[in-house]
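Each of the two complexes below includes subunit A, the first together with subunit B, the second together with subunit C.
Take a look at the complex of A and B:
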């Protein structure tokens, strides 16, 4: 749940980029950081280690300014996608307010996408959160690879595989080229803020 | 309620639009694009981006082929050749270990590439500055190499410790070669030397204590009694 400081009139919103390894989660954050650094005036922090004993994630905080009298601070996190880092993934999900699921559009990654959604559901449930209730956006990444002749899953197939029951907003994207990175971010922030407002009322 | 919700959403969207205005490419971004198109490193850059996506045999083969091609075309350039050698070495390591490779390896590869690009694309840069850039990357490369060797060494030594360590206790100098001819990394040797020095100093202290006890035994009785009260 978002951290709200009534005294300081401050709200911290935690958004986690989730998905299979090498799907483009960090690239999303890097694009945002590189493209808008002059406006968001922040530092991107990457914490990496080989084992699973310490944290391993990217972190990009930025301020949105005052909304309804509250200073809104957004914190973007990525989780390590590799299967072996599940303990870290679960830890990063603690206190999450919204999730962007970055799916890999490559055909060979069909199964990893589906397993990763299942893993998200399981890890959320450890915090008594439901994948059906949490603000969630799908991003079908790496669409640019079609131009390189790499076989990709169609949008319809990805929707069927991942989003047929959840029915949340989804975007075709290329994080590397910046396509739909901001659209995805805007959507998840808007959904999350609306959900938080509802929760606090 | 619905009106309030719409209000908040509108406010959030408006603020997000203010922060994240797209479609304006910054001068830097444009420059980078033009430079990349004209650069002799264009193909290498493209393969390195592929490595960011996925470390596959195909991508790594393309990477190593491109490094070899560049190494041949800049053959004899004393600044550029070490860059290509480092890239080649890093590429072979990542190709061999893929996802199990030290995560820092890809970072060092990116760093070496960025430095190479800087050296190649800057006509006005003096030779000495190029050397400084190169030396920084060589240091980074060496640090990584040491780290990898350290990790490998610890694992290897664990499996063979019972054969290797007794030699140390017996006080032989440690220019350590394992049975299969592999060398223990310097960091492990240094740690073992420290342990050796510690054991030696402990022995020395024990010997002194024993000597002290012997002296006490031979000393007058009242002295022994005083010691016993301690």
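Take a look at the complex of A and C:
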């Protein structure tokens, strides 16, 4: 639920990183936090378990600068990926304007990626939102693991598994090394801002 | 869904926050939506809190507590209060989609604050009512 403040000429937008557990959602935010330190005035907030898994969400406010005269404040969130945390995951989606789905490229994670997309669709529908309409970008993460000899799903397989009906932009990435992290972020911001603009017309 | 508030509406809301809360010694008060966006805020200047982070956490916290309410068969807990040694936080729901959060110290009585919160909610509802259905 984006909020437009005409007094301050400011738009606040909520973007959520979604996907299966241990897929690299938090790593995406950590990379962005370190890379754009000068634009981020606050600490990144992480509500996590003792074992360093996301319990509720991570939160990172990010100043985009001006678009068409408006200061754009992007609020980045991650959800907890673990299946058992669905109640909190759903809460984070409240008022979401755009979604980055971080899929795990490891072969063994094929099924959990697909289940997580289905879960996203269900959770969005509780807020009367459609996965087919919301701005969405896929990020196929952990491509760097190919170098370690770990079996990965091919780009084509992941497209077929996850994106054959949605047909949204997708990127091969390594959140750990920063490959395509910014590209993914830019894409979701562009799509989300375009959707907001359309809503206003 | 996107909603827009213009200068007049925001001036009115900020005016309410200032009159009802700053005058009784509340340190910081802000109105957020359930997505965690900050709609309006007032600060006594004594303390510079990071309200954007507070807003995200408050919306999450309120959402978690509302879900707990449903599990035990309540519609909702419309009011939340966290007491600290020096500072305390009071949360109150404004219509379906907004939360009013005040941070105050031991000089402010909770009872008086709650009275002011109730007044402010009525006034804010009058302004936001046409934006979003209550």
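Please note the rule applied: the second predicted complex is superposed on the first by the 190 of 201 C-alpha atoms of A that agree within 3 Å, B and C clash if a C-alpha of one lies under 4 Å from a C-alpha of the other, contacts with A are read in each partner's own complex, and residues count from 1 in each chain.
Rule of thumb we're sticking to: contacts are C-beta pairs under 8 Å (C-beta built on N, C-alpha and C of every residue); 3 or more make two chains touch, one makes a residue touch a chain.
The structure presented is a predicted model; accordingly, all values stated were derived computationally and were not measured.
In the superposition on chain A, A:200 contacts subunit C only, with no contact to subunit B.
Looking at the shared chain after the overlay, A:14 reaches subunit C, while subunit B stays out of its contact range. Judged by the touch definition given at the top, the superposed model places A:77 against subunit C, while subunit B stays out of reach. With both structures placed on the common chain, the touch criterion links A:185 to subunit B but leaves subunit C unconnected.
By the touch criterion defined above, A:111 reaches neither subunit B nor subunit C.
Judged by the touch definition given at the top, the superposed model places A:160 against neither subunit B nor subunit C.
In the overlay built on the shared chain, the residue A:88 is in contact with subunit C alone; subunit B does not reach it. Contacts from subunit B toward subunit A in the complex involve residues 1, 4-5, 8-9, 11-13, 15-17, 19-20, 22, 26, 29, 49, 52-54, 99, 102-104.
Taken in their complex, subunit A has these residues touching subunit C: 1-8, 12, 14, 41-43, 45, 47, 56-57, 59, 61, 73, 75, 77, 87-88, 91-92, 94-97, 196, 199-200. Taken together, the subunit A residues at the contact with subunit B in this complex read 21-22, 24, 27, 32, 35-36, 39-40, 48-50, 62, 64-65, 67-68, 82, 142, 145, 176, 178, 182, 185-186, 189-190, 193-194, 197-198, 201. Touching subunit A in their complex are the following residues of subunit C: 1-7, 10-11, 33-39, 50, 52-53, 56-57, 59-60, 63-64, 67, 97.
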